[in-house]
Amino acid sequence: MFGYILRRLVSTIPVMFIVALIVFLMLRLTPSDPAAIIAGDNANAQQVEMIRQQLGLDKPLLVQLWVWLSSLLHGNLGESFFFKKSVTSLIADRIEPTLALAAFTLVIAVAIAVPLGIFAAMRRGSLLDRIVMGFSVMGFSVPAFVIGYALIYVFAIKLQWLPVQGYSRIANGFEPWLRSLILPSLTLAVIYVALLARMTRTSLLEVLGEDYIRTAYSRGLTPLQVLVRHALPNAAVPIITVVGLGVALLIGGVVVTESVFAIPGIGRLTVDAVLARDYPTIQAIILLFSFVYVMINLIIDVSYTLLDPRIRY
Amino acid sequence: MRFRKFAFAAAVGATIFAGPQSVAPAAAETVLKAVMHSDVKIIDPIWTTAYISRNVGYMIYDTLFALDAKNEVKPQMVDKVDISADKLTYTMTLRDGLLWHDGQPVTAADCVQSLKRWSAKDSLGQKVFTGFVSEMTAPNDKTIVIKLKEPTGLLLFALAKPSSNVPFMMPKRIAETEPGKQISEFIGSGPFVLKRDEWKPGDKIVFTKFDKYKPRPEPASGFAGGKVVKVDRVEWLAIADAQQAINALSAGEIDYMEQPPHDLLPLVKGDSNLKIVVNSGVGQFTFRPNSLVPPFNNPKIKQALWYALNQEDFLKATVGDPAYYKVCKSFYPCGTPLATTAGMDGLLTGNSKKAQELLKEAGYDGTPIVLMASTDLPILTNLGPVAKQLLERAGFKVDMQSMDWQTLVARRNKKDLPNAGGWNAFDTAWVGADILNPVLMAYMNAACDKALFGWPCDEKIEKLRTAFMKAPDAAAQKKIAEEAQLAAIAYTTHIPLGEYSAPMAVRKNIDGIIDAPVPVFWNITKK
Amino acid sequence: MSDRAYTQTFSALAKLRIPAAAKEPAIVIPAVILGILALIAILAPWLGTIDPALLDPTQRNKLPGFVGQITLADGAKAPFTFHMGTDNLGRDIYSRVVYGARISLVIGAMVAIVATALGLAIGMVAGYVRWSDGLIMRFMDGLMAIPPILLAIALVSLSRAGLTAVIVAIAIPEIPRVVRLVRSIVLSIREEPYVEAAVTAGTPTPVLLFRHVLPNCIAPLIVQATFVAASAILVESILSFLGVGIPPEVPSWGNIMSAGRQYFRIFPHNMLYPGVCIAVTVLCVNVLGDALRDRLDPKLRKRV
Amino acid sequence: MSDILVVDRLTVELPPGSDRRYAVEDVSFSVAPGEIVCVVGESGSGKSVSSFTVMGLLPREVKPVAGSIRLEGEDLMNASEKRYRELRGSRMAMIFQEPMTALNPVKTIGDQIEEVLKVHTQMSQAERRARVMETIGQVNLPDPDQIVRAYPHQLSGGQRQRAMIAGALALDPALLIADEPTTALDVTTQAQILQLIAELRARRGTGVLFITHDFGVVAEIAHRVVVMQKGKVVEQGLADDVLNRPQHPYTQMLIGAVPSLTPADRKPLDGAPVVLHTKNLRKVYSSGGLFQKKRVVEAVKDVSIDIRRGETVGIVGESGSGKSTVARCVARLIDPTAGEVAIDGGDYAKLPERALRDHRKRMQIVFQDPYRSLNPRRTVAQSMIEAPVNFGMSQAEAMSRAGDLLDLVHLPRQSLDRFPHQFSGGQRQRICIARALMPQPEVLIADEAVSALDVSVQAQVLKLFDEIREKFSLALLFITHDLRVAAQICDRIVVMQKGAVVEQGPTKDVFAAPKHPYTQALFAAAPGKQIGNRI
């Protein structure tokens, strides 16, 4: 088990290396000039060239790559071109809202979606099933920002129950923190709930068709007993897999949601950094998100061993 | 707002919905929350010309001189200034009790070093200090002596320069930073102190009242007079979405919004808790052709632009409400001393027939005009499509390329041909304070390669600008300014597209906002 | 997925005849709606529209049904009814929405085609050419680890924005998923006895892939392509929302919405019409995809 | 003594759109205490539906519409769902064909057996534990302490089926329904399971309803036999009567089709030249990599086989013996690790794919599953001419040859334009044989080619193999797990166990006097030896 985790950790290195390579090349091979942006509106060509030199952007591509990769290996994500801060501290400043938003969303989504999916599967073909599935397809069909605006309009402007925008740090109190998270999380949760409810239903239906379910019935178990003792433990693996894969969706959604709700998280940092051509920050964020994605899926893979005794590494 | 019980209470827990007053700070500290036109990413107001950095500068730094509401130069940090009879020696004495935020007294040496750094960066500073100043010394802690080679009426104006780059005063050790590098320590002597640890780019920037600041005794007027701070804390929040900012304003989550888009003002008007504050400062939309590459390297073709474009169309499309725009056929802001419509007869009215004729005469060969249009700054977004349509009506072929402002900024420095990554034209906006006279007006710089992007190249304009600096009095200045405008029209350095005012939206309990071209936060009260 | 599932797919595909499909409302209704939308897109110039880029600063922010006049390119004026109102540049929203169908549907279709075509080619190579498998799949793992919207944002905003750039940027993050799907199909199909029979029949590998493996990928790919198309239309609107999409003067639904979102509270029509179009289109594509999947291959649920 | 189970004129309706209206029509039979009743029939005969109806486990869409089912006198057709649940597991229990999938993979064996006790009794945990251990002991599972904690995947197929039986019998039900419980098992394991069921029945007096398609199994354990065809009972009676004196023509045909375990008389072929020759053939699979423990599996060890022109050589063995791996190595669908494979002396064991092409047409293969052996999207003609056209034959010539070969396998020439799904399993296997013959191979490999077919079809296909071998003087390599099939078609047989050849020789000699203990065990385990010998 320990050996397996170690092996999996080691195997993320090439993946992360490829991510790094893709990101690096993507940034350098597209036409944009961070130096000109930093130099500002009234800068002349020499000033821009000077900044370019300061940033090391005048060096050959391979040298830049080497410089970046070797500093990465030392745990140094570099210094933001634009914010004049280390990328690490920039991200550290922004991580809390994003983490809170993602975690809260995940909790809400799982709490809503899994029971919905189970009900739909148990009552396959019923009105409830159709409603859940209908909602799920709709959830995939409406852009997140539209949902966000609608929620703001109803709950923040008309009813004035919740704040319009912003994020209150948990250090400033639990209640404001929770209040500031509700609307963004609901916005973000919609697509996730849609995905998760649907996958829960599908996995459960699949499991319910297995032979051992028939065996369980042949031993006189009630449908509820069959669900709880036999179907759910077996459906857990695919459901958890989707939770993990959905993290990619969540990360994408964070960018939009943070923009709508003016939450100072990493999602907005991404857009800011991209618009400012802040290479070190863009690189670091993409690496970070990819790393999170890979790690979450690693954790999920490892959790399989707890859920399914057949899976041993 | 009252706590509402039904439906939701059970689901999430009642206290969550208790309303925003429960979030109010414990102490009786007055906090002013504002949304500015942009997020603060760079503070050094000497290093960058970004307006938001300039605005930060006015919070934490102070200036030697300042323009008052009538655009007259008034001493600010300086107590008195003595000008020698030959107008070649200026002796300035600092006020008593000026302190840096770290508690150290402000010295003349600090100011001399600050002026050196500023004059190395700022275009007006360069002109005045390299062209006229022979020596600048600090004989004692209180006294600054500036000696000139020949007289200029612009020295004190330069020291009171209201907009980017503003000659802000910094401690000597900080001002010794190379002008090409950003400073990393932000200590000023201004009325607010930057809370460095709470500055989170993309989130907020926080200022607190500087208790030991000594305001001048005069009442505040423009940038001049006593900078009396009447709130304890000012927070600038980054809310990029303007509608969301207004929503937040309505909900009382913020108090002050610097630049609500004109189209959203009805929302402000419709909310009894909000009010609109109109500043006398104006902005000018500007069309900048690239005089270096074809077809705009041909002045005749550029002449057609004056007939093709129409101020009214641009103003309507970007501002809409006539209360907030003004047709102004002057390079200098209307209502300021130098404003003139000289040479503008029949221009900028959208006379596409005339434009077509001129194009024919000039032999325009149908080369497409690469028009860069920025898409992410609301005030500029609509200029591009209007320009495209007007130019096309006049017979130009237009290839409008949309990009975000940052890309535009990068690309406009390229001298290449448009099909090789260069450009032909773009639209932008200037604040009035930046274009008060021909020397200040960066786009009128026609020094060929040394000029700004667009690289206009005209000896006559340059001579007039130098003459302006040497002009002995206001009447002479006005005459030269008018001549410079005529020359700039003939050459077409750039084209003014009309003026707009940018009202602010604030909550009703906010008062005492100073009418200045730059939003400043002293004198504001929150009840 | 079991091999058997694929055998079922083939027979299901063999059974998917037009008359049979025509009886299933979940296929017919979305297909008809999408057909109408496509027709609207094609016939845009003849549907009472004007140039979607034509702007008139005197007629900004008019409400739906406003009767005004338009200034034609030659300066002449003509009366005109703005059925869906105008935007804040005085452009006719009805015309923009109708022309927008072209852009948005093209984006959906092209992204689906590009992603599935490239994914198919790469997936087949990875699945059949053993030595290339490790290399390709590691690269795909890397690509897949990057959250798709982030990748698209970076790709679009860093390259020169344009329709092609947007299509490529949305398509690239979809490729690894298609590759994985195709590869897994190839891996299971290559074990099928009839493929082995073809091997013993001396069929050269390219022919083998084309003749025996490729057809099996088509049903799942059609299903996958519908989901890619649906998400592409949504991602386009998100990119526009974030201000990194195709140039705003191009009337895509996402752009119209994004331009209107600032004024949502005062002029909801700016956002409403394109929003409804996007939702209906994506909903139809999704429902169609679901129905096709259920019909072609019930087991595919697990993967798509 | 009254019957435990009485099924009377049971009719079960299929949902609309099925291939027939009733799954089971007017079926009556009964099971007495301590009696084993075998329901036998080919696929689609309705034998499984009958048993599921008794258990009340039919899918929702399938409904019993007439007749009655009585368990120990209690009417089940009108029993409530709750009563049904009480009966299931306590008074009647069921075991299934595939013990791997019938056990929940994420729960221990102990938990799954104990569950029955939990649901139906008020026993304390200690009592339940004790009963679980006792039951495990009764089904002869070794080391009960370990078995209770084991997960299904950690057991062998036979052990899993024993665990299933333990779960079914934990509460001593009156009726045990066994649905093809040994079909997925190897022959030696099958013998043990059959013996276990017979023993438990004898010890406890449980009535057993045993569903099977295999007359060998029927002969081995049945007291009474019910023969079903297309949803109807065609004949029932005492095992001895039905097996030895079948009355109904269908029963006669079925029993007649079972191949005999006594080898057929076959002409010796001593003079014929050796066509296929393998020497020290080895295939090793290794897995694992940089950070993983290396696992090496030797699937085939030093296998040397010669086949003469016109000769059929059978490889027999249980699952995992490596017999199919040999076939795939010979067909070069996989690359042998070492050794020689040669046709007419030309060794192609190590040739790269490009150089292999000339050899490919000389060896062709027929696979087990007729449903997957033909590309469903291509017509019969397209499938058949693929090989000859690849090897340079003209389209027209290939088409005419395809027609001729369809004649030979007794299929109409019009079949050429049809698609595989229009044919039955047996017909498809004929098409596969015809396809294999298209490039005029010298060696034909049949990899379990008749194992998936119903017994009546199996007999016909076997006959076809023999015909074509003779007609084209083929060297036929016949892979099978079924000793009966091997006895009938092979001139010589090779017995494999765990990748190695343990014995080989003329079929007659091996069957008459098996020398290796494994071969002896294999023969001893074959059920119902007398079946097929007579008719």
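First chain written, first letter: the chains are A, B, C and D, and each begins at residue 1.
We adopt the following convention: a residue touches a chain if its C-beta (ideal position, glycine included) is under 8 Å from a C-beta of that chain, and two chains touch if they have at least 3 such contacts.
No experiment lies behind these values; they were computed from the predicted model shown.
Visitor: Decide which interface, A-C or B-C, involves more C-beta pairs in contact, and give its chain pair.
Guide: More C-beta contacts join the chains of A-C.
Visitor: Average the C-alpha coordinates of each chain, average all protein C-alpha coordinates together, and give the chain whose average is closest to the overall one.
Guide: A
Visitor: Roughly how many whole angstrom separate the Cα centroids of chain B and chain C?
Guide: 44
Visitor: What is the distance, in whole Å, between the centres of chain A and chain C, each centre taken as the mean of its C-alpha atoms?
Guide: Distance between chain centres, rounded to whole Å: 23 Å.
Visitor: Per the centroid of Cα atoms for each chain, what is the distance between chain C and chain D, given in Å?
Guide: 48
Visitor: Can you list the residues of chain C that touch 2 or more other chains?
Guide: Residues 157, 160, 243-244, 261, 264-265 of chain C each touch two or more of the other chains.
Visitor: Could you check chain A for residues that touch two or more other chains and list them?
Guide: Answer for chain A, listing residues that touch two or more other chains: 31-32, 157, 259, 275, 277.
Visitor: Quick check: in the complex, which residue numbers of chain A touch chain C?
Guide: So the residues of chain A in touch with chain C come to 14-19, 21-23, 26-27, 30-32, 137-138, 140-146, 149, 153, 157, 202-203, 206, 238, 248, 251-253, 255-256, 259, 270-271, 274-275, 277, 282, 285-286, 289-291, 293-294.
Visitor: Any idea which chain C residues touch chain B in the complex?
Guide: 53-55, 57-58, 60-61, 73, 75, 88-90, 157, 160-161, 243-244, 247-249, 261-266
Visitor: Could you please specify the touching residues of chain B with respect to chain A in the complex?
Guide: That would be residues 1, 4, 8, 12-13, 15-20, 22-23, 39, 41-42, 47-50, 123, 164, 180-182, 184, 200-204, 237-241, 244-245, 247-248, 250-251, 253, 376, 404, 406-407, 409-411, 413, 421, 442, 450, 452 of chain B.
Visitor: Write out the stretch or stretches of chain B touching chain C in their complex.
Guide: 241-243, 247, 261, 263-264, 266-267, 312-317, 320, 352, 373, 375-376, 378, 381-382, 384-386, 388-389, 392-393, 400-404
Visitor: List the residues on chain A that touch chain B in their complex, please.
Guide: Going through chain A, the ones touching chain B are 31-33, 36-37, 40-45, 47-48, 50-51, 54, 82-85, 90, 93-94, 152, 156-157, 159-166, 168, 173, 175-176, 178-179, 182, 259-262, 264, 268-269, 272, 275-277.
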